[in-house]
Structures are given as structure tokens and as C-alpha cells.
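Take a look at these structures.
What follows is chain A paired twice: with chain B in the first complex and chain C in the second.
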Partner chain A sequence: MSDIALLRLRGVVKKFGGFTALHGIDLDIREGEFFTIVGPSGSGKSTMIRLLVGMDDISAGEIMLRDQRIDQTPANLRPTCMVFQSLALFPHMSVGQNIEFPLKLRKDSPAKRRERALELLDLLRLPRTYYDKRISQCSGGEKQRVALARALAFDPEILFFDEPLSALDYRLRKALEKELKDLHVRTGKTFVYITHSLEEAMVMSDRIAIMKEGKIEQIAVADEIYSAPVSRFVAEFMGEVNLFDVISVDGETLQSSALTISNDVTQSTLPVGGKGLLMVRPEDVQFVGSKDHFDYVLEGKIHAEYALGSRIQYEVEADGKILTVETLRESRIKDSEGLPVTLGFNASKTHLIGDA
Partner chain B sequence: MERLDRKLGLLSSLPMIVILLIAFLAPVVVVALFSIMPPKVFSLANTPDFSSYSVFFSQGYYKSLLWSLGMAFASTVILLVICWPLAYGMAKVFGRFTLVLTIAIVMSLFVSENIRLFGWVLTLMKGGLIEGHLRTWTGMSFDSPLYGVPVIVFGLVYVYLPFMLFPLAQGIAMVPDDARQAAADLGATRWQVFTQIDIPLAAPGIVVGSLLSFVLAAGAVAESKILGGQAVIAIADDVETAFTFGQNWPLGSALSMILICIIGGLALFGVSRIDLDAIMGRKR
Partner chain C sequence: MPANKSTRIALFIYGLFIIVFLYLPLVSVGFASISRARYLSFPIKQYSTKWYTTALESSTVKDLLLTSLSIAVIVTLISVVIAFFGALSFARYQWRYRTLFQKLILLPIFFPQTVLGLALLMWFNALGIIPSWKTAVVAHLVWIAPIATLIVAIRAYSFDPSLEEAARDMGADTGTILREITLPLLMPGLVSAGLFAFLLSWGNFPLSLFTTGADSTLPEWLYAKMVSGYSPLVPTLGIMSVVGSFMIIMIALAISWLLRANRESRAASN
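After this line comes the complex of A and B, so read on.
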């Protein structure tokens, strides 16, 4: 992976009549990376991918591919390609004809086309006998692979994915996520993936962009998005989280109505009088024993318990709201419901979101 | 359970089977039998011969057939070309306006075909709606386009337009938008999308529309009579003349049989090549 931006968006705006779907997007996608755009439905991510592949026109701004403007280029002349949510395989063609479609348009010889199609079947771990199969004879996962093979046959600069796994069942989806990641490594292509599932994004991506209401909230590597979100939206979007309102009294020490804070914690990055959100993930909160010391402590009462397999999740009522705590299975508390508990966590496990 | 279903299926199709046998198959059988009777007889109790079929060739009736088939072919091709954009619009673009268009076109079918064709005669004839106004206002004049082959083809196109348009719109509606978009994304030009995605995926609609309009146009008689002024004779006209004016039932039957065989063969061939279930919406 290099740091050179392969695809560069500057101030990209998309309006549908009076409604603005994208508000001036700036984005750099690097060559060879697996970049995922995540957002809830209506966040503008699907609009974005349609602009990137050329199915819709942008209202303002510019899209550059290797320093060449492509935003006025029609889809069929752009060196990019998309795997559709519906896969959009051609039902009247065989598997082989589907894969060869872009090669046929390029007027490659039949022998060459066939050879490439067979190579791609190998790459996607489909038996070569599938060449003559009808699309309707393929299973969901096989169709997925055929769609991928067809897109790879086009040999695009960037391969876009519009939630191609969302229609599959859980186990197949999990398997294909890993396969896709593996394929990315093996082909060395730039993948731009769109999904509403953060889990999916975390498994596969090098970098993730979180979108909300037509704007990008945060772009970072998966781990950073999880541990250091820039806003409440990102923090909550990235799974279970506990957030506390805090205020910085003197620019150094944090205060919170809910938390008892040890005196030796001085880590505020907020200005004097600045408000923020202190974030801690459920797995970093612990039940406090008599001898333990934690930087942040609060009292509560266990409200519910859920088994998650290897872990147990507790909902604890404290400070008038429900907090989430996760522990390992072996430290499960018996008859936990209604039990008064003290929760604690350390400053090193927290993240401060400014100006919330 | 399955046996009961099958029994019910047979029982419920029984009325239709009876009607088809009496009203459809029986006349065809009678016509087929008459076609192998000696000329100008009115009974089936004669020694069969094939003299009527030989008359088809010796007395030039084959020319009528060729004219009919040729004009039907021309009108079908013209219909395909002019209906495609309209059908595409109805299937993909117009939205609610499609309903207005559908009603407008269906309404025109409420008026008898002959009356509509006479309307065209009044419009196109010398001193008619167009030429008459033109001459009164500008003094210029032109010969009437009536009574020729082109105007017959025009009449066929005009009369059978709905029979092409609606199946075609149905067929185009079956082409998934994302397949078209995917093809474009993979580098296909508009023309390539049209030839490699639209046409093959809309094929059932194309075949049904073409068959309907071809079959109807090949058997049409009013257009050549009213607009064409019998500039050429359609085969259906010959059939009618043989049965009525000519009082030669075996000849009329033989001509009918030839037309039925050609068109029936064509229809069977066409239908066998497409998935009728798909266009009837039974399969997705």
C-alpha cells in the first residue's frame, strides 16, 4: 500500500431537487487499500458510490483518479467497476459468458477470453466446470463469486462494492468477508466497500470512513475508530459504549456529576469550562472489589444479564441511565439481578470526546 | 392430495376443452377436409383430390400469399422499430403517464377497424382532409397516397400497433435496471447495452409482439381493400372471394389451410423459443 491518493474527492456535493444528499465530501483513497464507507441508511453512502462509478452526476466539486478528472466521464468509460448489491448478473448468459462480458466488449479473442475466465474461476475457488453453468443453477455464494470474477475480468483501477453481502445468511457472510479480505491481498487491487454493518467493515478494512447525514464524521483505521471516536455518533455506531458527560473545571481536571474521580487523574484536553463526553467500552468496565483501585468509580444496581457466549454482558442502572459492562464468562455473578455493585475503570481505557 | 389436484385441474379445464374442440378444432377439421375435395362441391361426400392445392400455384394465388406475408413482415419490422422507444418509455420512464397512454390506445380499439380505416381514406384521399385544405389555402396539390402498397403497410402498422406495443412494453419491463447499469459499468456503450442486454432479456416480449402483429397482418383483409383499393390482393381476400363470390369452398379451404400451416408453424416455432411463463409473470 502506498500513500499516494489514487482517488481524490474534493468538495463533492450531490443534490436531488431541494434535498442535499452529500454536503461537500473531501476524501482520499490510497492505491491498494481496502477502504470501507460505513453509515446508517440515508447517510448518503449509496449516493456516494453511484457518483464514484458514474451512475449519477455530481452537483459540485470534483473527483480525480490519478490526477485526472473523471466526474464528467460516463460510467462505461471509467476504469472502475462495481459489484452490485443485487450482483446484477446477466441471467441470459452462462457463468463463463458473464465473466467474459467485459473482455468481449474489449474484443479479446474467444480463446484468450476463455483462458482468463478459467483463471478467474480458479482465483475465486470455483470449479472450472462452472464455466458452462447457468446463473440460475448457482447458489448465493457462488453467484457472489461470479460477480466478483466478472468485475475482476474488467481489471478495474478501483473495485467498488455496494453491500454485496447484505442479502446473505450470517455464516456465508462471515466466510465471504474473510475471502474478500484474502482476495484483496492476493489481487493487490484497491477495494472501496460500502456497508451499514460496522462489524463487516472492521473485519475487512484498512481504513474506514463513517458517514452521517451526507457528511463524513471520521476517517481512520478500524482500531482507532473503535478506541478513539470523534463524536457521540461514531462512538455509538461502533457498538456498545458508555458515555459520561464531563466538564473541565480548570483545563486539567475533569468533573462529572455521575463519577467519583480519583485526584491523580489529570488528562483533560478540553479548554477551561469545556464540556465533553468520557467514553469507556463495556469490556473496560469492571466490578470493583474492596481492595481494588480505579481512577473512575460509580455505584449502581444490576438490571439485566445476557450471555454472549464467551462473555457475559450486564446492564447496570447507575446515574439514572443504563450502563453496559462485559466480563469474561468465568467471572459471572450468580443471581445478579437487582444486586448493588460498584463499577470502576481506569483513565488509560477511556477516551475523551470534546465539545459534545 | 396431488392426485386430487390433478383431477381438479382436469375438471376445471373441461369447459374450455369442450369449447375449444367444438368452436376451434371442429371448423379447422372441416376446412381441412374441404380442402381435399374436388372443386366447387358443397359436400364432404366426394372422392378426395388435391386439385385445389394445384390451383394455388397454377392460377397465381401464391402471389397473394407472398404479398400478404411480405406486407405483414414489413409492418412487423416497422412496428418493432417505432414501438420500441414508446414501449421503453412506458416500461421504464413515463411512470403514471403510462396509464394515460394505455387507456388512450385501448380506447382507439373501441371504434371498429373498418370505420377507422375509412377515416384514413377521408383524410388521405384527393380532396380529403389534408389535400383539400392544402389546395384551398395554398393552391398546391399532391396525388393521394391511397391505393398503393405503402399505404396498406401503413394501415397494418396503424391497426396492429397495440398488439406490438403492449407485449413489447411487458418484455422491456422484465429487463432489470441493474443489469443495464452493470453492463455500462463494465464498459458497454449504449448500443452494446441495447444489443446484448435489452434485446435478449426483452426477447419474450419481442417474440410475442411480433407474432401477434405478423399473424394478424398476414390474415388482414380490410387494409388492402379499403386503403389499398385492391392494388394488391391479400390472401385473406382470395379466401373470402372463393367462399362467397367464387362459390368454390374447396379452393377457399385449400388457401386457408396453406395460410394456417405457414402461420401456425411460425407461431409454434416462436413460442417454443421463449419462456411464456416469464412474460405471464409466473416466474421471476
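After this line comes the complex of A and C, so read on.
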């Protein structure tokens, strides 16, 4: 992966009549990276990918591929390719004909096309006998692979994905997430992936952009998105989170209704009187035993318990709200409901979100 | 839903009854056509194929068939073209008053055909056009093109537009998309629309009655002979018309089957 931006967006705006779907997007995607754009429905991520592949026109701004403006180039002349949410496999063609479609448009000879299609079947770990199969005879996972093979046959500069896994069941989705990541490594191509699932993004991506209401909230590596979100929206997007409203009382301390937090640990830059959010993830909160020491301690009462498989999740009423705590299965508490408990967490596990 | 034995027997008898009900009149006409007698009467005393020979030798019959066939073929071709573009514009594009237009163009189907035929005849007169089989083509189109469009539209609506987008994304221009994606996928709809158009035109009586002028189609002639001066050729031509329609359907099915077989063998060989 290099640091040179392969795809560069500057001030990209998209309007549909009076509605602005994208408000001036700036974005750099590097060559060879697996870049994922995540957001809930209506965040503008689908609009964005349609602009990037050229299926819609931008209203303002620039899109550049290797320092060449491409935003006025129609989709059929751009050196990029997309795997559609519906996969868009041609039902009247065989698997082989689907994969060869971009090669046929390029007027490659039938022998060369066939050879490349068979190589791609190998790459996607589909048996070569699938060449003559009809699309309707393929399973959901096989169709995904055929769509991928077809996009790779095009040999695009950037391969775009529009939520191609969203229609699959959980287990197949998990397996294909890993395969896709593996395929990214093996092909060395630049992948740009759109999804509404941050979990999916975390598994596969080098970097993630989080979108909200037509703007990018945060761009960072997966771990940073999880541990150091820049806003309440990003923090809550990735599963359960505990957030405390805090106010900076002086240069030294932050105050919430139940906690007093020394500024040394949070490195807060909040001005005096400034408001923020202190975040701590459920797995970083623990039940306090007699010998334990924690930086922050809260009294509470267990409200509910949920088994998550390897972990147990508790909802604890404390500080006038419901906090979420996750523990390993072996430290499960028996008859937990209504039990008074003490919660503890360390300053090093917290993250301060300013300007809340 | 699994049915028990008595239900199955009841359903079988019910089905048989429907078939007999539908086909008995046709079968009786079939018998009538091979009766030697000049007038329709049962039981048939003596069988003969002489009316078929007469029909095939008659120049009136030849003219009738030619007129009916010309109208039906032209109506079919024009209807399919209109249906293709009409259905695509309904299914694929958003435009102002689209839904209103969709409903309005279907209205002629709900007009009684006799009223529609008379209205068209008055129009042709007002415009100073002398009715002939060519004006009948226009009249048939008014009624048949919307039906053909409806048939193709059903197919076009079930067609995922991302297929065309994907083809474009992979470098196909508009002409290539039409040839490689849109036409092959709409083909079943176009074939059924064409068949319907042909059969509806071939068998149409009320519109032809008003708009063919001095020319005469087969259904018109059959009606005229029933009303005044019965001809023993009536059941014969009736059967010939049914057989003709049936053969058209068979030919269409055979063509679509051959196209598919050809596509599959191409898929297997390249």
C-alpha cells in the first residue's frame, strides 16, 4: 500500500432537486487499500458510490483518478467496475459468458476469453465445470463469486462493492467477508466497499469512513474508529457503548453527575465550562471485588442479563441511567436480577469526545 | 397441499367438464365441416372433405385469407415495436404524468369494440380517408397495441435495471446494452405480445366490420354468411382459421425453443 491517493474527491456535492444528498465530500483513497464507507440508510453512501462509478452526475466538486478528472466521464468509459448489491448477473448467459462479458466488449478472442474465465474460476475457488452452468443453478455464495470473477475480468483500477453481502445469511456472510479480505491481498487491487454494517467493515477494511446525513463523520483505521470515535454518532454506531455527559469545571477536572475525572488521564482540551462525552466500552467496565482497584467506581443495581454466547451482557442501573457491562462467560453472576453491584473502570480505557 | 383421493377424483371430473364445455362446440363445427350436406344438421349422414377442396380452390377464400393475414401481420409487427418502446419507457423512466398516461392508453380496451369501430369510421370519414383493409390496420392497432404494451410491460417491470447499469459499467454502449441485455431478456414478452397481437387481429370482427370498407376479412365473411345466405364453407373456414392460429402458435414456440437451444449450444461451445 502506498500513500499516493489513487482516487481523490474534492468538495463533491450531489443534489436531487431541492434535497442535498452529499455536502462537499473530501476524500483520498490510496492505491491498493481496502477502503470501506459505512453509514445507516439515508447517509448518502449509496449516492456516493453511484457518483464514483459514474452512474450519476455530481452537482459540484471534482473526482480525480491518478490526477485525471473523471467526474464528467460516463460509466462505460471509466476504468472502474462495481459489484452490485443485486449482483446484476445476466440471467440469460452462462457463468462463463457472464465472466467473459467485459472481455467480449474489449473484443478479445474467444480462446483468450475462455482461458481468462477459467483462471478466474480458479482464483475464486469455483470448479472449472461451472463455466457452462446457468446462473439460476448457482447458490447465493457461488453467485457472489461469479459476480466477483466478472468484475475482476474487467481488470478495474478500482473495484467498488455496493453491499454485495447484505442479502446473505449470517454464516455465509462471515465466510465471504474473510474470503474477500483474502482476495484483496491476493489481487493487490484497490477495493472500495459500501456497507451499513460497521462490523463487516471492521473485519475487512484497512481504513473506514463513517457517513452521516451526507457528510463524512470520521475517517480512520478500524481500531481507532472503535476506541477513539470523534462523535456520539460514531461511538453508538459500533454496538453498545456507555457515554457520560461531562463538563469541564476547571483546567484540572471534568465533572459528570456521578464521576469526577482528573484531566491528566483524558488529555482533555475542553475549555472551562465546555461540555463533552466520556466513553467507555462495555467490555472495559467490570464488577468490583473487595481487592480490586479502579480509577472510577459507580454504585448500581443489575437490571437485566443477556447471554451473547462467549460473553454475558448486563444492563446496570447506575448514575440515573442504564449502563452496559460485558463479562466473560465464566465470570457469570447467578440470580443477577436486582442485585446491587459496584462498577469500576480505568481512566486508560476511556475516551473523551469533545464538543458534545 | 396434498389432496385425498375423493378430492382428486372430484377435481379431475371438474377439469374434464370444463374441457368438454370449452371444446364441444369446436368439435361439432369440426364435424360439420366434413359433412356432405349443404346445411348444418346433426347427426351427420355422410362424411366428405369436398368443402375443403372447394375452399382451397375458391378465389374468394384466397382473398379473405390474404386480407386477414395482411392485417394481422402488419398489426403484429407494429404492435411489437410500439410495445417494446412503450413498455421500456413505462418501466425504466420517470416522467411527468406517467401513471396517468399509462391508464389513458389502456382505455380503448374498455370501450365496447363496436363503439370504438364506429367512432374510428366517423374519424376516417371526417378526415376524408376511404376505409379499406389499411384503415382496419389502424383500427386494430388502437385496440391491440395497448394490450401488447401491457404484456411487454409485465416483463419489463420484472427486469432488474441494474443489469443494464452493470453492462454499462463494464464498458458497453447503449447499442450493445440493447442487443446483449435488454432485447434477449424482453424476448419472451415480445414473443407473447406478438402472438396475442396476431391472434386478436386475426379473429377480430367488430373493428373490421366498421373499418375495412369494401374489403372483407375472414370473420366478417363468416358473419355475413351466417346472417344471410348460409354457405357450407362456414364451418370449413372456421376450422381452417383455428388450425391456422394453432400453427402460428406452434411456429412461435418452435422458434423460441430453437433460439434457446442455439444459445445454450453457443454457451457450451465458446
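Note that in this section the second predicted complex is superposed on the first by the 348 of 356 C-alpha atoms of A that agree within 3 Å, B and C clash if a C-alpha of one lies under 4 Å from a C-alpha of the other, contacts with A are read in each partner's own complex, and residues count from 1 in each chain.
Note that in this section contacts are C-beta pairs under 8 Å (C-beta built on N, C-alpha and C of every residue); 3 or more make two chains touch, one makes a residue touch a chain.
These numbers were taken from a predicted model, which means no experiment stands behind them.
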Check chain A with both chain B and chain C modelled on it and let me know: fit or clash. clash
Which holds for A:Phe84: it touches chain B only (first), chain C only (second), both, or neither? both
What is the contact status of A:Leu105 with respect to chain B (first) and chain C (second): first, second, both, or neither? both
Which of chain B and chain C A:Ile247 touches, first, second, both or neither: neither
Identify which of chain B and chain C touches the larger number of residues of chain A. C
Does the superposition put A:Leu339 against chain B (first), chain C (second), both, or neither? neither
First, second, both or neither for A:Asp132, with chain B first and chain C second: second
I'd like to know which partner A:Asn76 touches here: chain B for first, chain C for second, both or neither. both
Considering only touches as defined above, state whether A:Ala258 meets chain B (first), chain C (second), both or neither. neither
Taking the superposition on A as described, I'd like to know which of chain B and chain C A:Ser94 touches: first, second, both or neither. second
Return the residues of chain A at which the contacts from chain B and from chain C coincide. 53-55, 74-77, 80-82, 84, 86, 88, 90-92, 101-102, 105-106, 150, 154
Residues of chain C touching chain A in their complex? 160, 162-163, 165-173, 176, 180-181, 184-185, 263, 267-268, 270
So in the complex, which bits of chain B are touching chain A? 176, 178-179, 181-189, 192, 196-197, 200-201
Give the list of chain A residues in touch with chain C in this complex. 53-55, 74-78, 80-82, 84-86, 88, 90-94, 96-97, 101-102, 105-106, 110, 113-114, 132, 150, 154
In the complex, go through chain A and note every residue touching chain B. 53-55, 74-77, 80-82, 84, 86, 88-92, 101-102, 105-106, 150-151, 154
